[in-house]
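Which chain is which? They are A, B, C and D, in the order written, and residues in each are numbered from 1.
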Amino acid sequence: MFRRTIPLIFAFTVGTFMVVQFFIPHPTFLAIYNGVLDWQQVIFGFVLIVGTLSMVRHHIMRLKFRKEGYQYSMVALGGLVCMIAAGIYGGIRGGPYKWLFDYVQMPTQASMFSLLAFFVASASYRAFRARNVTATLLLLAGVIVMLGRVPAGEYIRIGDFSMREVAIWILDYPNTAAKRGILIGVGLGMSATALKIILGIETSYLGKGD
Amino acid sequence: MNNAVVVFLLIVATASFASLPVDLTAVDTPNDGGKAITLSWKSIDSIQMGDSLIGLSLMRTTANADTLREITTFTLLDSMYVDETDLENEIEYAYILRAQFPSVVEESNEATAISRIQWFNKERSAVLGAVIIFTTLLISFTYHASKGREMFIRRIAGLEAVEEAVGRATEMGKPIMYVPGISTMSDVATIASIQILAQVAKKAGKYATRLTVPNRDPIVMTVCQEVVRESYNQIGRPDLFNEDDIHYVTYSQFGFAAAVSGIMMREKPATNFLLGMFYAESLILAETGNATGAIQIAGTDSDAQLPFFITACDYTLIGEELYAASVYLSREPKLLGSLKGQDYAKAVALVLIIIGTILSIAGFPQFASVFK
Amino acid sequence: MTETLGIWVAAILTLAIFSFLWKDNPLFRLAEHLLVGISAGYYLVQYAYSAIYKKLYVPLIDQGNLLFIGCAILGLLVFTRLIPKRSWLSRYPIAFYVAAGAGYSIPSGLQARVVKQMQISMINIFGQDTLWANISALVLFIGVVSVLIYFFFSAEHKGVLGFFSRIGIIFLMVGFGASFGYTVMSRITLLIGRLQFILGNWLGFL
Amino acid sequence: MKLSKILLGIDRRYIFIGVALSIALPLLMPIGFGTSVTRQVQDVYDFVENLEDGSTVIMSFDYEPSTMAELDPMARSMLKHLFRKNARILGMALLAGAPGIAENVLREETELAGREYGEDWVFLGYVPAPTAAMLRIGEDISMVYPTDQYGTPLTEFPVMKGVKNYRNIDLVISYSSTAMPQFWAQYAHDRYGAPVAVGATAVEAIRMYPYHDSGQIVGFLGGLKGAAEYESLMGEPGEGIKGMDAQTIAHLFMVLMIIIGNIGHFAERRGS
């Protein structure tokens, strides 16, 4: 009862309110709506603490059982502790917290992200091969847009059109059509799942069992 | 008689001899939470008096107020304004526009309005209609499905590969890695992914193949733990469950990507499942997985990331196929019913698009504008 | 001084990440774990401040708004995750979190992704300015219809349905190819940014 | 056949080296390709060009450091343009990692243009819960930002005079690497009628086409190329145009690799 039924009734109430308020401009509804958004934030803050504890546990286990590469777990835990300490003692607007963000977290993240430049090259070399009709279309659309997006694309011509114009046409029409079709389906799927959650048909987010 | 009343009467008096022909109108701003009145008029420019205009201001008063108040000023091009300055609901306000010219001050007609709270946003009628139709379809199909009616779902390419991929990991004696995306629990893709995870965990559990699930979202992590634990329980292998295999990595997107790529390189899982909502890290994960020689089954409803999974993975579930796959594998009647409901909603959308297009071609674009 | 040190640290970490392209190595593992630790701490501190402090502590303690006791209880119930026997209590905050998001996404999802997209698809295909624009509008229309048919799961894709669903795949593939090609640009730019940092800010060649 | 084996089996590491060189070399030795302008960028430029003198513009920095390389040049170029039109700028940030970037860009550009803090521009800072913030600005901006980033009440700034909500805003610009512009379109434009322009990473830009077609946004700049286009419309070359050389060479290198792969593929089929 308290383990499953009441949480589901709770979910139904909160969810239904959020649907209904969408159609009602009354200020009271707006105020409650804003309150709900704030509470969501707070809950997420607490969940993040629990999540971080899980991460700490994971690395402590590695240390405890001297798993391969356990030394690195010390680095991860050390980084975590430093960042929290820097945040608590130096504030989050400047000091060591900002320094660590600017010179450790930011460049590492950006470099990780930029690995994609290498990976798009290796993935396209491997996958963009004219094996069959669909693969050929993937290849052609990819190459045309790749070239059409850089200045050089203006000098390469296909019939009366420059590569850039062809690229834009592909992006504006066939591509928009594909996106729109996916979008409509995903929108329906999204709303369906949301509805199932509110109605208590979809309960996997609560975990199975009672 | 006090001054205030004199002023008020004065306004009313001048208003009746309006010399500024701008046709000022005032109405309660529609579809809002009150405390706003929308004013419109012909711009000074359009009535060709703009050349010598020095200033134009909006004046407001109420029947029992004691002052005439300037609310704001305009340029000669303005023709619309929403007044929200200290308005109260259910009180009648009177407005005039006062224009200053080099030698005279001229005033417009007086316009009055009462601001009210609306209980329904009419601009969203179409959405309300959509919500109602959709809810009805979904509930009725779910109901019929739970009553045991047979429902057909077409085969989805790539799903047979799930069994094969789990088997391969077992043969090679290597773990399976399952990444449920990096989004939150309120994302459909995540929910679909977790339903698939339940099935994968059962298959892996049967062969006692290790399953690791790194997480970026802490709520998703807690749910994954529950789901995997339950799957192992169902096949009678609760001993296989190790909470540490399903852990939180970091909330940072690329911190997560770095860690998961690192694990892939070191543990070399035989099979990677990348199912759920992904962002830019999709290709980092997929290419690293490819370099380690793993079989990769991917799926996402993020149209921006699908191209990368298509190029770098062995099988890819496209968009809605991901949702359908979760239903297809679990075969749960209620979920099957809702997939049907979704399918028919899509059919309705499709038919409406075709009808709307035909009507637009035939010269009736009004139909399309209903969907605003 | 701290800035120079920072640039050196950042440059070394950048190279450490790039070294992963060659193969997994201790330097990469160090950078990876450092990033995991630092970023986990970063987000923890950010949310502790902007959510728990600003959205709970301030209204509850500083402003004395007792309604927020409910919020505090929901938040604290999350910690029952750590006690296996009582972990079901954490379902309340999670139900709140998920259901609120779900509730809002029903009408807003239908509006932005379905109703709006339907509306902009219903245009007079043959009423465009030029012949080419007419053809393009027709392509768009056929594309939307056939992609929707491709995602229809209730029937086997045979006959007319099969025909359209194959056209749907063609549109999807062209769309994916185009998206890929388009994305390449962004990814290359990221690397340009990093190399500008290494060659310019660090080595001073630019 | 041997040739096909070589062409098909190029180690990814050689490809990686090729990518690195094709970017590093043009950076060290610029070539100077030109660029032309797309409709989406032209629309944004025209909108800004037609703004009245002294218009009020919200500039929301909705990106984190990882996409600075793409989005900073856009923000800079558009700020230059807006200051030519004497626009008043309200800077804000909706992602936790964004305020630092926003501050750097705004400070540097306002200094170059000689604008006064509080008189011509203000930085409101970061707030969590982006969609809630977008909605509340529709009611009253001071509900979201009672003070600026540095704690001064907004009422003390001349730049905020007469600015209450979207009705007093002539343009909202969101620079983003996320889905944030779509929300801006849905809330600021659809709900409150504010014109929205977008600076998107090249990846996100592809999602902006439907929003541009349906008129929910004024237009958008996509990726470094978008910045380069804007710079060329402005007649003021910046980081966008400089990066385009490296961009071009890298794209050509990738196409070359694809061609090599396909030659290998056909050679293999011929051979078998």
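For the reader, a short list of remarks on this structure follows.
Definition applied: contacts are C-beta pairs under 8 Å (C-beta built on N, C-alpha and C of every residue); 3 or more make two chains touch, one makes a residue touch a chain.
Being a predicted model, the structure only gives us computed values, none of them experimental.
C-beta contact counts were set side by side for C-D and B-D; C-D has more.
If you average the CA atoms of chain C and of chain D, the two centres end up 17 Å from each other. Averaged Cα coordinates give chain B a centre that lies 22 Å from the centre of chain D.
If you average the CA atoms of chain A and of chain D, the two centres end up 19 Å from each other. Between the Cα centres of chain B and chain C there is a gap of 13 Å. Across the assembly, chain D contributes 12, 16, 19-20, 23, 66-69, 128, 202-203, 206-207, 210, 213, 223, 225, 247, 250-251, 254 as residues in contact with two or more other chains. Contact with two or more other chains is made by residues 19, 22-23, 30, 37-38, 40-41, 44, 47-48, 50, 52, 55, 69, 101-102, 105-106, 108-110, 112-113, 115-120, 122, 124, 126, 128, 138-139, 142-143, 146-147, 149-150, 171-172, 175-176, 178-180, 182-186, 188, 190-191, 193-195, 197, 205-207 of chain A.
Taken residue by residue, chain C touches two or more other chains at 17, 20-21, 29, 31-33, 35-40, 42-43, 46, 50-51, 55, 81, 94, 97-98, 101-102, 105-108, 110-112, 114, 116-119, 121, 141, 144, 148, 151, 172, 175-180, 182-185, 188, 190-191, 193-194, whereas all remaining positions touch fewer.
If you sketch which chains touch which, every chain touches every other chain without exception. Touching chain A in their complex are the following residues of chain D: 10, 12, 15-16, 18-20, 23, 33-36, 38-39, 64-69, 97, 100, 128-129, 131-132, 135-136, 139, 202, 206-207, 209-210, 213, 223, 225, 244, 247-248, 250-255, 257-258, 260-262, 265-266. Contact residues on chain B toward chain D in their complex (touch as defined above): 72, 81-82, 84, 253-254, 280, 291, 303-304.
Within the complex, the chain A residues that touch chain D are 30, 34, 37-38, 40-41, 98, 101-102, 106, 109-110, 113, 117-118, 120-122, 124-126, 128-131, 139, 142-143, 146-147, 149-152, 154, 164, 168, 171-172, 175-176, 179-180, 183. Touching chain B in their complex are the following residues of chain A: 19, 22-27, 29-30, 44, 47-48, 50-52, 54-55, 57-58, 61, 68-69, 105, 108-110, 112-113, 115-116, 119-120, 122-124, 126-128, 138, 178-179, 182-186, 188-197, 199, 201-202, 204-209.
Taken in their complex, chain A has these residues touching chain C: 2-4, 7-8, 10-12, 14-19, 22-23, 35-50, 52-53, 55, 69, 72-73, 75-84, 87-88, 92, 97, 99-120, 124, 133-135, 137-150, 167, 169-188, 190-191, 193-195, 197-198, 205-207, 210.
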